[in-house]
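Input: one structure, supplied below.
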């Protein structure tokens, strides 16, 4: 199957966005999952609810909210630009943020479930052996919740690969910057003669998804052997 | 010194306990299932927070409600062997063992090779915990706790899953920790043999109440301890000094206030203090010194008390010089021999029936041989 | 509920017709006592649904391409086509920066946009407004110079939002959209010869050529409707 | 906050769609999660991959594929109509299918994680007590994975409430039939005075999401107490 | 009858075992940690699939590789008490108990109230498993297995977490199951006391090999069993018949081939068969019948063998009529008394030291009293 150069650009961009969205959101998702599963603080319910918002709102609305918040004139965006020189709108970085935000509830949810399944008795045992909370988290909790983290990462990658609404609304469709596979497919399906192109790109998406799944399954198997859950 | 004075509240359970245990040596926690033994261990480890009171180990305050002290678990440096082994499933046996070792502070008192060797887990090092048998798991758990070089060892039925032979292998090692490292140990066990052999101090619990606490010889001869120890394990503990050895026959002679006792050879220098336990059911009585019997120890004594226990069992308390010994005989024998308080009798004790061990705090530099 | 599609005709209409059609629908019901339902979505989506057998009565597309597509697939009836309204293409800017310009062969969009200003419109290869914009820019000889400055939004409304919020320096939208937007001003209208005419063709769906649907189509292109179209800024033909 | 009758229609329709999508997809998701977590069969990798497809593909493509498959002329849809008289296009049933399909990977993933965390030793114990596999599943496995099922249900409801792309592509935007809140928001943004309406509907979405979360948390707490994981 | 003939392969472990155990009565699985005891139990339960062989319980084939039979776990109706208790965390204690009861087939042989009462778990019924102590958990697990009305009971160290007193409470009940219900039991335990008291049959394992299998009296007197049982627990089992009771003194007289033995009162009708275990270390020897001693049993015997064991310990085998008894005495005593094979001696056995229990397959209709 041959892709046109434009399509190749879209595929590579999608991979880049999915990769970075996952890399950035994972640690934050782990931290948030930890807060939700293990701590209690005032306003936790609200926080919990906010986490699910990107899922429950139409993605276009999410994109619009991102635009309002993180656009060059947005109430956060203007400071990002002023202080750090970070520009999100119309950039790949912005597409990454959109993908990360949309996949965030999924990632958090997967990690949280895994975290709750970790035997706290093992954590206690580690502490009696002289490990402090951080140490325990890194050496016991984190490895034991690896299947959940992997699953969360897979969801993040998959949903980043498929993200359309928030991306196009927030960062629009700029060739080579924000035009990921879904945006290209969207365009294709809106062209009377775009079916072939759409089919090619859908096929690429499917292949990528399978590759991600395969990789995640391989890693998962290794992880499960490592943590003795075979 | 270890001071415990705590109150713990659980939904349907309330525990109160206060005792002072020596800063070295084994303190046995004793009591029926559900009495609160694990709960005390957990409080010392910092896993359970008492509602009130204080816990001081070796001068370091672990917990003090009034002074607002509650050391985090990892700062307490307790070596906790859990009732369930709690091995880390994602580490090999070796990594489990190394986990605490790498985080230990202070000078290590026990080495990796030494522990692996003793517990017989060398062939398991590369294995994963889920492929181990119950006893193998528990041995690894013991090793892991030891290698963390703890300030106090908390052992919650550590040997329950082990076979006799393995127990006999490991017990001397725990004794050695106790004696050489002067490492205090809290020990929960249902086996009187284990407790009597290891412990200097006993805390007996029933339904969250502390029934008795004190030196093992004192507590174990209290009659109210009977329901806990069981009839068969009643006995007397004699504080002795090693008088001499007789390697040809494999016997040692111990002298105690009032007499001498020949026991299987002990690996302790003459002059060193020893403790011998004589079970009541192993003591027979004779009115005259019997000759031509295999029983080695024939000790003159005076009957100081006779008490019916239950069924055919009668407890005869004997005064031997300044010491005291109990014999369990049948009611029939009491009548047949016309035993009465004040009578002079001979106590017959088979050498092979005596458990002897190096008394704690001794200067002994090697573990006592299995009795 | 399959019967309902028969009883009450469903009109497939391009999303940009939302307001006008709702008003016209109300007027139709008021006048005839008959109900009508609408489904507003992208013309492309509607065309694909017709292809999949959606039982719509009338298809109102936002451009000729998709109407040609359905005709070509024999989904709509060519002979019923009416094109009552059209639209014009305008250049807009945020209200606070707006300065009128004239678009002709000598007008440079690059200079107009400044160093890194972007120009927002619909997706240039799929959303109708984007296609028109690309055609216009190409015929003006500007496309190759600024194509990396063109940002394609998912719809006209989204493009409008980018200009309203000042994220894009300018935008190319329909005059109807510009008319209702709050913080933007039209700074120029594209010459009519720079792009094919913007037209909204309506046709009856194959197999739905009933008396009632003909009457409805007639109403949608009739005088009452035209008044409403005008109100929303459409160019009435 | 006052909603117009049209808006109420959309809100009620969204609730209906989210409810039925969840009710229908949960049992299937449980079955699929079980297949994936506990069994091995040829083609499992392919099956696993297919489950993730609705996540990885742009929702518009998912809708388009549904249209091709389940539309009145679709290769499945024509038989549905012929044999069972089931019509999906333009109907609430179709919107429900779209919502269910899109949320399916999320639900399966949550349930699968929970299923994998169930201690199989307990299942063995139940079998020695005379319970057959089905009995064990109903009395031991299912209750123990309840937190995961709840979490999956919450994800299903949330994503059904937010579903836009697949719905509008598959069943179009018909008032009272398929115009759920997200579609109503879409329509609102195409009206000159639609911003207020869009904002109102977004607010309703948020409220619904919080209500669902609250409910799920309440149930979750009860469930956790019941299964002794407090 | 239970026929086991299996081979099991595990990554780093291979087990081969073949024995036939009686269809009623307790079969003890014996061996050091990691020997393969749990593995055998698991094979019977159907949790582990043997690589080859067959398992037949009471005429029902559980597994037969050649005939392609492999009954599913739930059809085997085994009452499995796991080494870890495996209570259902989402059920109350009561629901845990009822779980198997509700699924039991056939006529129940034991009732809910009876089990709850015996195990002393009445006050726990409403509790959740995670709030139970280790021993409480295990008691509930035993109850749950019993109430499933199993065809065979598989007990993997069921009493290890229990205190002596509780053990003594539960043991007679297991004996009763064995005797009254004729329920076969496979029993894994490290406690020789438990095994000897309960078992009719012993299978000794070492590293996956079956070292010995057979009736308890036969296997336990084999010298190669010493490393497993430990020196202190060597002993002889005498098959006896209850001769008469002496309730005033709380003693019963048992007669065996060659003599009589007076033991604490047993709750078994005269004429019924009994089994008495006499530990070697509880037997003393005298050259003449000693008078005026508290030892009740003085039995004439002939020395049939003298064997050095280790250290000071010497095993003296005695022939008493057709029976055989072992005494453990010190080397010193052997020399002092000039013991030699063929010599006539008196064996001294304290009544209180004898463990006696109703022999299995007896017609006894009530459990024996705790010895």
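For clarity, chains are labelled A, B, C, D and E in written order, and residue numbers in each chain start from 1.
In the analysis below, contacts are C-beta pairs under 8 Å (C-beta built on N, C-alpha and C of every residue); 3 or more make two chains touch, one makes a residue touch a chain.
Everything numeric here is computed off the predicted structure, so don't read it as measured data.
Shared contact partners of subunit C and subunit E are D. Counted as hops between touching chains, the shortest connection from subunit B to subunit C is 2. Across the assembly, the mean Cα position most removed from that of subunit E is the one of C. With centres set at the average Cα position, the gap from subunit A to subunit D is 20 Å. Computed from the mean C-alpha positions, the centre of subunit A lies at a distance of 57 Å from the centre of subunit B. Chain geometry summary: the mean Cα position of subunit C and that of subunit D are 34 Å apart. Inter-chain spacing, taken between the CA centroids of subunit B and subunit E, is 26 Å.
Residue positions of subunit E touching 2 or more other chains, listed in rising order: 84. Multi-chain contact residues, meaning those touching two or more other chains, occur in subunit C at positions 45, 48. Multi-chain contact residues of subunit A (touching two or more other chains): 60, 165, 186, 189, 229.
Under the contact rule defined at the top, the touching pairs of chains are A-B, A-C, A-D, B-E, C-D, D-E. The part of subunit D that touches subunit A in the complex is made up of residues 45, 48-49, 52-53, 55-61, 64, 105-106, 109-110, 112-114, 116-117, 147-148, 151, 154-155, 158-159, 161-165, 181-182, 185-186, 189, 198, 202, 205-206, 208-210, 212-214, 217, 229.
On the subunit D side of its complex with subunit E, the touching residues are 121-122, 124-133, 135, 139-140, 143-144, 226-229. Residues 60, 64, 67-68, 71-73, 89-90, 165, 168-169, 172-176, 183, 186-192, 194 of subunit A touch subunit C in their complex. Remark: subunit B residues 45, 47, 72-74, 76-80, 82, 84, 86, 88-90, 99-100, 103-105, 128-130, 144-145, 148 touch subunit A in the complex. Across the complex, subunit A is touched by residues 42, 44-45, 47-48, 65-66, 68-69, 118, 120, 123, 125-127, 147-148, 151-154, 158, 161-162, 165-167 of subunit C.
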